[in-house]
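The structures considered in this document are given below.
You will see two complexes here that share chain A, one where it goes with chain B and one where it goes with chain C.
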Partner chain A sequence: MHHISASYRVFLTINYAVLTILALLCLFPIVNLLAISFSSSSAVSSGSVTFWPVDFTLSSYTYILENNQFLGSFGTSMLRVVLGLSVNLILTILVAYPLSKEASTFRSRTVYAWFFVFTMLFSGGLIPGYLVVKETGILDSIWALILPGAVPVFNVLLMLNFFRGLPRELEEAAWMDGAGHLRTLWSVYLPVSLPSIATVTLFTVVGHWNAWFDGMIYMKSPDEYPLATYLQSMLQQMSLQTATVSLEQAELLTQVSNRTTQASQIFLSVLPILAVYPFLQRYFVHGLVVGSVKG
Partner chain B sequence: MKGTIRQFYRNIPLHLMIIPGIIIVLIYSYIPMAGLIIAFQDFSPIAGFRNMTWNGLDNFRYLFELPGFYQVVWNTVFISVMKITAGLTVPVIVALLLNEVRGMLFKRTVQTIIYMPHFFSWVILGGIIVDVLSPGGGIVNLFLKWIGVQPIQFLASNDWFPYILVITDQWKEFGFGTIIYLAALTSIDRSLYEAAVIDGASRWRQTWHITLPGIRPIMILMLTLSLGNVLNGGFDQVFNLYNPLVYESGDILDTMIYRIGLQDAQYSVSTALGLIKSIVSLILIGVGYFLAYRVANYRIF
Partner chain C sequence: MVNKRKRLPALLLTVILSVSLAACSSNTGNQNGNGSTAADTSSGNTASSVNEAAAEPLGKYEPAITVRTTMSETGKETLAEGDTYTNNVWTRGYEEELGIKMKYDWIVPSANYNDKMNVTLASGDLPDILKVTPVQFEQLHQAGMLEDLTDVYEKYASDLVKEFYSAEDGAALKPVTKDGKIYALVDYPGSLDSSDMIWIRKDWLDKLGLEEPKSLQDVIAIAEAFTFDDPDGNGKQDTYGISMNKDLPINSFLLGYHGYLETWIKDENGQIVNGTIQPEVKQGLAELQRLYKEGVIDPEFGVKDFNKAMEELNAGKAGMWFAPQWAPFQVMQMVKKDPNVNWLPYPVQSIDSEPAKTQNHLVLGGVFAVRKGYEHPEALIKLLNFQAEKMFGESAEAERAKYLNGMTGLGFQNAAVFNLPANKNVKAMEEVVEALETEDTSKLGLEAKLFYEDIKDYRSGNLDKWHMERIFGPVSSQAVIKHYRDNDLIVMNEFIYAPTKTMSSKSATLEKLRLETFLKIIYGELPIDAFDQFVTNWKKLGGEQITAEVNEVVQANS
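Let's look at the complex of A and B:
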């Protein structure tokens, strides 16, 4: 920087201020939530909690940890993530590898690729999808949350573009050594594809953890809801009330409002995402840019 | 000839690898597409597929005569066009601002924080937003009270609701949206700026004549690709924020499809609406991809 003019210096100061405010806007609602979850319900309903707990208490957390439905849903979500990740990852790799071949060596590639990509452009929609899940007999089971989305086409494209970027010599060397396709995929491609596998893994984990709609329509009994669906149904009951209640009414509702237990449940459910976020961040920027803008 | 046969044998494992994926997509994506046929029937879940009666375009006629149908179409387009417009401007501005930051630690910290809301679901953000905007002790209304403004029922007012949708959507996604522009910014040739400095161009003129033209192709690409979203008002967001008081301004095609289909159990009518939406979206996506291909040489795979 040779010369910084006075007006540019003013701009820089304003720029730092604006960016700081934007970052705080993203952070404050979550800090507010955390503060509410650690405050007493009377302090919360009197409107005195902003970014710091008032009358610090762990009572809402101890209350939740005795709540069987919350714990059960948490377990269901964990199972869903593990099972869903395994299925998604295996199918993504098995589909992406053949599709990454050139059409000159694997002629069916183009047809197969369109077969998958078309599902991103057009879908049967809500009711036909629901009826197929019902007819295949997986309603009310964890498979209803996994099989309909078992081949995530967006991730397939991400993976396939990564495979295509690998040097051609890798595959040729493997063939020289007499390795077939499976061997080449397993011993040559996968070990060098860990960054993109990590990207896909993290997207998948977050996707399964956050998914709530399929749980709501495919699970009959609330006992089987994954966490996001359980949370959704709980919050939905409260939302109209919270959206319209006045401050005076809110004070009357002190005992039933449950804002603190709500806040603590929301916070506990984002905790796993906050825990994987640092790893997530390292990969998604690169993975996303490579996957979506080529050339 | 011999080469072709050898290639055929050599490719057998490739077909075998892809078959499990094909089967699952066939069952859970293509069979539902065939199931769209119930849009032209009087389908009842009890009678099942075997005893269906055809009723031609009755379901569509019923939809078009529903009071409020056109309002829902309008809401959807209004909300999504506002979201697309905001999504094409706010992230560009923030990316330009971030690009001027010289302190790497500050830049990284801001990026880490503003990317985060993208990874929270609308269930969670809906819960937070309902709380933050609540007239009974939500932090926004506490602030308004403090500066002497009457509490506003943001989520129960048809004047506010669509704009709350756009603002909260940006709040969740603007940070993540900057990623693609920041990547484009780093690919601009440094020597252009050096030449501009020698010519005595100010920072502002450099931004106007080098930076913005440099990211214009990617902005055009994002614009063409967003065309396919015109009928997507954002189901997850709307569903987790709306209530009967704001149906008038906030009900969109997807929420209507859900309510007609799974709450009222009018499977065929809901499917008819879904079919209209899917076909129009397909055309829009097709046009979008075609333009993206022509203008930016973009290809899906």
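Let's look at the complex of A and C:
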């Protein structure tokens, strides 16, 4: 292995070159966004900003600090992630553990498993979903964003497969020492399942952070919007193409469509996920692989 | 949301279902359901005792009533300091002067409004005043869920409001009138502002020593000169004549060939046909194909959206674009940076001796209906009376600024319902131009006076107001519109009603087919004769069916 052949060297070079280009392709839009957020709006509207701010200014960020709605939505999203993560994790683990048992231990296991998988394949649809949420009385509250998706079945399957991959000796040893199911789950399974828990956590956090549609449907006022819904409503502009835009609308549009503030808000909203990623990533790959392949 | 009609039974079912659910549940929220029982609790005992004063257009309810509706958020900039959407100068005015308390079931950004309204309609928990789209109006009307407003409109509408709705032969209320009965009121800005025009950089014309266009041939020659003769004088051939984007705003060009894209017109037999598939459009496309090949049209327009195309325009890359009267708002930054830039609007030009006409559309900004069974349908009329009075009536002089958040502010967006006088802009322009000539401001209407002052401001050096000169000044987009109106150069879209059944299901497909085919033709990827194949496909894919339905609807309503 100490001798690196010429062809391997060529391979390495090409490999790194391709990967670098791919990485840059992913990075450029974010850098562009950042540059726009620090530029003056006239520079942006004439399209002269690429990767470096033109007419450097912090005005878009001061605007956000004074704009309660962005901060409020940020808080709502944070709360949603914390609550949603707790609910999802607890339920995922509590569902996955029994389902990971053999049919000889847990007789109607298959029925329950299909019960959950069924919801992955078929859903009630938008309107019935809305009616259920409405009649449950959680419309217009944070729970409308959390309870409908409280059991993420895909994550359950992931955990379930991971639990199954664990050596049976672990469980048997725990039984021998007199542990019940709860004790086994808590003291034996969970500590060795950190990789897959991290994976599920990442999925859940990103999912909750990015979800916008439910916020739009279930919330009564923009003050209660989570961040993703707020951003969506801000960015989705009226199309100016048609002649159907009145003079007043056109004027309003020039007042509200400010690309520098939009860019800064998008950037700030990406930041938390960017910050969480590196810490969970080391489990991430591991968790997905270990869950599927024994070894 | 593709096939709206087909979903109607399902929608009805959910509506009925949820009403019965609401009736069964002992829900303490007494606003539930659109049945008669629940509504009584919200507006109390005033139902039968409409007092004397309340019978006036602007009379006050004693005691106050509560009206439930919804609100679209249009930007905090429209609110006065300290006001909110639920408590602002309008809601306080309603309560103090009309005795109407507004209760907004929900308030969402305008981008999300229609989706939210769809869910609300399906859930069956209807607000008292329904602010909907024409499509939603049609669904509600067919489900029999709307109150007939004919009588209350006659009795309560103020003269001002009636005057607004009588404009253009009462066109505004035609789409919402069924069998002679009015089922809703509308926000109708008039059709004139949808006029097409050509915007050209006059400073480039002057630089190259070119005349203003008198024909479409001139327009083409100008576009070519802007491409090849270096109008920005930097020694490089880096400009192009016509700015374009992937949504193909080519109407103003095709009108030169008397082609009326996406417009329902009468043919010589009195039948209504779609302008898109007429041979005139083919001629125009052939010319566009040639111009694209020459490099006169932005070579990359097929991948640019509106905003991207605007960036290049603002960077001085193109000298001509097609847009309606609001175009100056999009280029005002450019003028601020370089006062020499001079965008001027020109009427559409013809390729032959027959003058070119603009194609105009009836555009409803909103439809305001009342749910069936609501005991104060007249409240809707009163709210409209109130808004008209505060903005244009006798009290406007004193109170307009307060209600609009500044004299020319956009605060009216926060009124529960609003309607502006149709085609008010061109009238204002006429007054402004006269006053600029005579220096006599006494005849100016309230809005016109504000525009006049803005133009004066611009002329004394304030570049922030440049757009007012180009919209309301002597050489402006509204002046072009006046030219169309006075010379009878307008082709009205014959179809002013809610989308027909097949339209709802097929028009997206047809639109996509059109865009793709036209784009390929202009790019030269398809020969111009592909247009004939497109016409055949268009008819086959639902166009024929839609045409039949359109004729049926127009006949039934004429």
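Following the convention adopted for this analysis, the second predicted complex is superposed on the first by the 242 of 295 C-alpha atoms of A that agree within 3 Å, B and C clash if a C-alpha of one lies under 4 Å from a C-alpha of the other, contacts with A are read in each partner's own complex, and residues count from 1 in each chain.
Keep in mind that, in the parts below, a residue touches a chain if its C-beta (ideal position, glycine included) is under 8 Å from a C-beta of that chain, and two chains touch if they have at least 3 such contacts.
All values reported here derive from a predicted model rather than from experimental measurement.
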For A:Leu271, using the defined touch cut-off, is the partner it touches chain B, chain C, both, or neither? Pick first, second, both or neither.
neither
State whether A:Met176 touches chain B only (first), chain C only (second), both chains, or neither.
neither
Mind working out whether A:Leu25 is in touch with chain B, chain C, both or neither, as first, second, both or neither?
first
Could you look at A:Val206 and tell me whether it touches chain B, chain C, both or neither (first, second, both, neither)?
first
For A:Val111, decide between first (touching chain B), second (touching chain C), both and neither.
neither
First (chain B), second (chain C), both or neither touched by A:Pro98:
first
Mind working out whether A:Ser42 is in touch with chain B, chain C, both or neither, as first, second, both or neither?
second
Determine, under the contact definition given at the top, whether A:Leu231 touches first (chain B), second (chain C), both, or neither.
first
Of chain B and chain C, the partner touching more residues of chain A is B
Go through the superposed model and pick first if A:Lys220 touches only chain B, second if only chain C, both, or neither.
second
Find the residues of chain A that appear in the contact set with chain B and again in the contact set with chain C.
45-47, 126-128, 130-131, 217, 232, 236, 238-240, 243-247, 250
Can you tell me which positions in chain B touch chain A when the two form their complex?
7, 10-11, 13-15, 17-18, 20-22, 24-25, 27-36, 38, 94, 97-98, 100-102, 106, 109-110, 112-117, 119-121, 123-124, 126-139, 142, 151, 153-156, 171, 174-175, 179-180, 183-184, 197, 202-203, 218, 221, 228, 235-236, 239-241, 243-245, 257-258, 261-262, 267, 270-271, 274-275, 277-278, 281-282, 285-286, 297, 299-301
Flag every residue of chain A that touches chain B in the complex, lowest number first.
1-2, 5, 8, 11-12, 15-16, 18-20, 22-23, 25-30, 32-33, 36, 44-47, 50, 91, 94-95, 97-99, 101, 105-106, 108, 112-113, 115-117, 119, 121-133, 136, 147-151, 157, 160-161, 180-182, 185, 206, 210-213, 217, 228, 231-232, 235-236, 238-240, 242-247, 249-250, 259, 262-263, 266, 269-270, 273, 277, 280-281, 285, 288-289, 292-295
Inside the complex, what are the residues of chain A that reach chain C?
41-42, 45-48, 69, 126-128, 130-131, 134-135, 137, 216-217, 219-222, 229, 232-234, 236-241, 243-248, 250-256
Given the complex with chain A, which residues does chain C contribute to the contact?
14, 17-18, 21, 25, 27, 73-78, 85, 105-112, 115-116, 119, 122-123, 125, 189, 193-196, 245, 247, 249, 251, 306, 308, 310-312, 314-315, 324-326, 329-330, 332-334, 336-337, 360-361, 363, 365, 410, 413, 420, 425, 471
